[in-house]
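Structures follow.
One chain, chain A, links the two complexes that follow: it is found with chain B in the first and with chain C in the second.
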Partner chain A sequence: MRKHKGVSYAKWGYIFIIPFFVVYILFTLVPQLTTFYNAFFENYRSGLKQIGPNYVGFDNFIKLFTPDKSGSIGMIKYFGNTVILWVLGAVPQVAVALLLAVFFTSYRLNIKGQQFFKTVIYMPNLIMAAAFSMLFFTLFSPIGPINQIILSSGWADKAVDFLGMRVSVRLLISLMNFLMWFGNTTILLMAGIQGIDQCLFEAADIDGANSLQVFFRVTLPLLAPILVYTVITAMIGGLQMFDVPQVLTNGKGTPDRTSFTMVMYLNNYLGTSKNYGMAGAISVVLFIISASLSLVVYKTLSRPYKN
Partner chain B sequence: MREVRKFKPSTVIVHLLLIILVLINLFPLYWMVTFSLKNNDEILGYSYVDEATGEKVLVPPNHVGLPQNWEWNNYNKAMNTGNMGQYFINSLAVSTSVIAITVIASFMATYALTRLVWKGRKMMNKFFMLGLTIPIHAAIVPVFTILSKMKLLNTYAALIVPYSAFSLSMGILISIGFMGDIPYDLDEAAFLDGCGVWKIFFRVIAPLMMPAIATVGIYTFLQCWNELLFATIFVSSGKYRTLPVGVQQLFGQYTTDWGPIGAALTIATLPTMIVYALLSKRIQDSFIAGAVKG
Partner chain C sequence: MTMKSKGNRENTKGRLMMFGARFVVYFILIFLSVLCLFSFYMMLVNSSRSNFELQAGFTPWFSTHFFENLSNAWNDASINIPRGMLNSFLIAACCAILTTYFSALTAYGVHVYDFKLKKFAFYFIMAVMMIPPQVSAVGFIQLCYDLKLTNNYIPLIVPSIAAPVVFFYMKQYLESVLPMEIVEAARIDGSGEFRTFNQIILPIMKPAIAVQMIFAFVASWNNYFIPSLILDKADLKTVPIMVAQLRSADYSKFDMGKVYMFILLAILPVIVVYVILSRAIIRGATAGAVKG
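Presenting the complex of A and B:
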């Protein structure tokens, strides 16, 4: 092959990539690595005095998992809260999304106005989470419309303090997460169902399978990889739950920190007490959990391509 | 084909379920827009003494109905005393910069990754994709330290730079799909006509990537318009504060005056709603392409 004069693709390749490579390395990759490094130093502000950074080994991690005066371990408690909040929202999210995806793709039901329904159920996903939770705060406040309805219909003789009770705060947070994400999951699963070979549905139909049989014998098994992917990415998202509980409870995780999540804990160390060592240790824990979840995603996704 | 009856019971039930879901989704928004236009008396209810009978009359709150007097002044209050106007401009400045940077950067990087041949590009591709799986919260402390060393905290750049860096992976992932659809013949034709790499990119590839601009742009816009944690931690001065933080601070600010809260929330959510109304199909597609968060 004749050598082209003056055009070196390699050179241009480097020129095109270098600026972004630098930004990416500096603000995404290096931080990931130094998070681990930071976690081994004490580094915080005590009054006006800056303590550290001094190397303290695993002290930050030990402190993270040491019980406080009341005997509960902060990290474990907030991890538990995060998991509870996530499960309460994600179970109905996936169940409803699966149901809707099947409805929307079913030619037997032949749903009218599909595009409209899809547009509306997807919408809460785009609303600013902070605004959405502020909105729910006003909706469910003692003088808000929901309490007004309860009072005027005589179900209760005084206003229900939705934002002061553990159960209702957790349910509200999960409800918001559910509303914000089920539309997204529906559209994903729809794409998955549409990707299944239509001949299989026709064959099942000719063989006389009813809708339930088609769902359990054809749709669900073939949808499994996408379903697993959806659930695990939702887990990674749920692990980072922050905006909704933060705004709904004004950063306090009321009542008694029962709706306090791990990222709120991180935010507390970073924003209020400027304790970078402890914040780093929490980051590392977060990183390890989500990295292992990502690994599972990668494994499940790469499996079908092997054969 | 089986004959389809006009009203199958299952179809009716499914439609009813969907309509209920739609109502649940729409009511909060309806309530937000209407209470942003009501005064306190309407939102909370009030009582007055009837002069003829001398009895106290209770007027219940008007939660569900339309406003009786349209109180546009709430928007003035939110904009001026609540500072929402300033936060809106800040959010807009940050979002547009991030969109511009991410679109240009991810197109150029994608071009280099998919069309140019150089050592280590496979490796680089994996590198960028690694960024997709990493949660941004796990990296927040070092990013904070780097920003403070560069004296960038409390500037627009404190948000623009990290947002762009974290959007890059997704931008590249979406762009790879779009760029793959452009036939290589065009590059070759342009090359034979005497274009260099630079010219091929700007004259041939970039114009054909217009549809990708919308997808990457929308995705990036929604991510940074709504982001709260970085915005709370990297910016503490009110001068550069963005809308989500402003919304959070409504807490306790107007415990006595509800209308402006509604107005502030409407201001914060309206732009995304408008974008969505215009481009809903494309937004749904872009989120399928980038179905990582959830």
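Presenting the complex of A and C:
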């Protein structure tokens, strides 16, 4: 910050940041560029034979958006799945988190045992997603304890095939995502509310505002920046959805690929076929979507805040 | 008189409403807590029951086969869980140390020194923070094959040196705690720049480093996507790969008590750390994002 006369410490700045940048360039930036580069080549393994790499221009992208025999376009379908799974989990996640954050910070309610509740609701966030998903798989399998409870209480005559129906698989995945993230979001939003000047709440109180008015006129507008941050990170997290559906459906996105996400699609091409061309094309699409989505959300949500 | 009784009535009404509101709020909180704990409770109960008991039906009470299941899972021939836990621990510990040390170093470099590319370095890291890691997976895997680094822990450990999010956290921490006078005093006393960082700055940053170490450890312990693409040798596999393997095996042939025990073992280390350090972890989850 302050410069010393005669002695320049500038070179130390470079020395200190060099390891970070060397590693970033080698393991992230270069792979990022070669990923994009790959998208324009035909390059895969068919049995023991290696095909390519041959330059094919935009062929991989065209293939990505060409309807298959059944007339559905894989990329669009899996993007749709990802969005559905994300929305089903993220809407309750943000809504519940907002509610809890208001509860926890309300001095009128004065909630007891806050530390306990926070500890419990934050815990699923740290649990290994693969193991959590495996746990849900065993609990909801046809011979699992949930079905045992349903059968023994007589709610159904035969086991419910939770993992074979589109609705239940999607709901299970969303439920897991909700459970894993709402505690985290609650804590972020709480910090946001605590960061608001307390005088504003006191002033609203003196003016006779009720809880709802305080929430919509004071808390929500001032919370907008943190809310933007939360929604953007949740969205980018949602695009990366992989571990939970992958393990729950054993990588198949059952039934009929209705829970198959974009990253599962990407992972599929990286498996035995090592189809780097198609995987590269999917990566480019993923990159464009995540970049533009975060821009759109940021712009729409930050507008009312600025006014 | 009338004024007073009216005030009293309103007061009672207000109190009743407050009571009702509290009741609803506590109900919601307890419901959500139960929802969070329910699946883990079932896992714990079922890990203490024999396969026969598990087939017979669900009971919410603990049984007596916990240690039997533990020894069966621990000594399983196809899924070597102790080895997997050791592998995961090794990788996660290395990641935790590297990511915190180098993020602190980078943040200190950008925070304290004046140099031409300072602004560029900061905004570059901020810009790439949002890019999902999966987007560069293709090139990353290719690089690993080209450098003969598959079935090797280097590509799982070394990249943690460059962690934009941790850098951001450290930078914020430095902004809030580090007075420049300390750096200058150290210089006057003849301390070299590296020595100043290692012996004076790092101890000041201890709370931030501790919290980020926990998060880095947990993230690495739980990481599934990249390791599953790089590791296929049985004795190099990490815990999440083994859990996924458990899923792809024909589970109906499995001793289910053992399956629950595998899941328990996979998440146990993180749970133990969390139970001991939950306060610090929850505080750490907030601190990074307040200004974000």
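A few remarks follow.
Following the convention adopted for this analysis, the second predicted complex is superposed on the first by the 285 of 307 C-alpha atoms of A that agree within 3 Å, B and C clash if a C-alpha of one lies under 4 Å from a C-alpha of the other, contacts with A are read in each partner's own complex, and residues count from 1 in each chain.
The criterion applied here is as follows: contacts are C-beta pairs under 8 Å (C-beta built on N, C-alpha and C of every residue); 3 or more make two chains touch, one makes a residue touch a chain.
Since this is a predicted model, take the numbers as computed values, not measurements.
With chain A as the common reference for superposition, the partners chain B and chain C occupy clashing space. In the overlay built on the shared chain, the residue A:Ala234 is in contact with chain B alone; chain C does not reach it. Within the superposed three-chain model, A:Thr219 lies out of touch with both chain B and chain C [touch as defined at top].
By the touch criterion defined above, A:Thr185 lies against chain B but remains apart from chain C after alignment on the C-alpha atoms of chain A. After overlaying the two complexes on the shared chain, residue contacts for A:Gly195 are found with chain C alone; chain B is out of touch. Contact with both chain B and chain C is seen for A:Thr28 once the two complexes are overlaid on the shared chain. In the superposition on chain A, contact of A:Thr105 is made with neither chain B nor chain C. Chain A residues 9-14, 16-17, 19-21, 23-24, 27-28, 30-32, 34-35, 38, 100, 103, 108-109, 111, 115, 117-132, 134-139, 143, 145, 148-149, 152, 179, 184, 187-188, 191, 236, 239-240, 242-243, 246-247, 250-251, 263, 266-267, 270, 276, 279-280, 283, 286-287, 290-291, 294 lie at the interface with chain B in one structure and with chain C in the other.
Interface of chain C with chain A (complex): residues 18, 21-22, 25-26, 28-29, 32-33, 35-37, 39-40, 42-43, 46, 54-55, 57-58, 102-103, 105-106, 108-110, 112-118, 121, 125, 128, 130-143, 155, 158-159, 161-162, 167, 180, 184, 187, 193, 197, 218, 221-222, 224-225, 229, 239-240, 243-244, 246-248, 251-252, 256, 259-260, 263, 266-267, 270-271, 274, 278-279, 281-282, 285-287, 289-290, 292. The part of chain B that touches chain A in the complex is made up of residues 4, 8, 10-11, 14-15, 18, 21-22, 24-26, 28-29, 31-32, 35, 44, 60-61, 63-64, 105-106, 108-109, 111-113, 116-119, 121, 124, 127-128, 130-131, 133-146, 161-162, 164-166, 168-169, 196-198, 201, 222, 225-226, 228-229, 232-233, 243-245, 247-248, 250-252, 258, 261-262, 265, 268-269, 272-273, 276, 280-281, 283-284, 287-288, 291-294. Chain A meets chain C in the complex at residues 1-4, 9-17, 19-21, 23-24, 27-28, 30-35, 37-38, 96, 99-100, 103, 108-109, 111, 115-139, 141, 143, 145, 148-149, 152, 179, 182-184, 187-188, 190-192, 195, 226, 229, 232, 236, 239-240, 242-243, 246-248, 250-251, 263, 266-267, 270, 276, 279-280, 283, 286-287, 290-291, 294.
Only residues 7, 9-14, 16-17, 19-21, 23-24, 26-32, 34-35, 38, 100, 103, 108-112, 115, 117-132, 134-139, 143-145, 148-149, 152, 179, 181, 184-185, 187-188, 191, 230, 233-234, 236-237, 239-240, 242-243, 246-247, 250-251, 263, 266-267, 270-271, 276, 279-280, 283-284, 286-287, 290-291, 294, 297-298 of chain A touch chain B when the two sit together in their complex.
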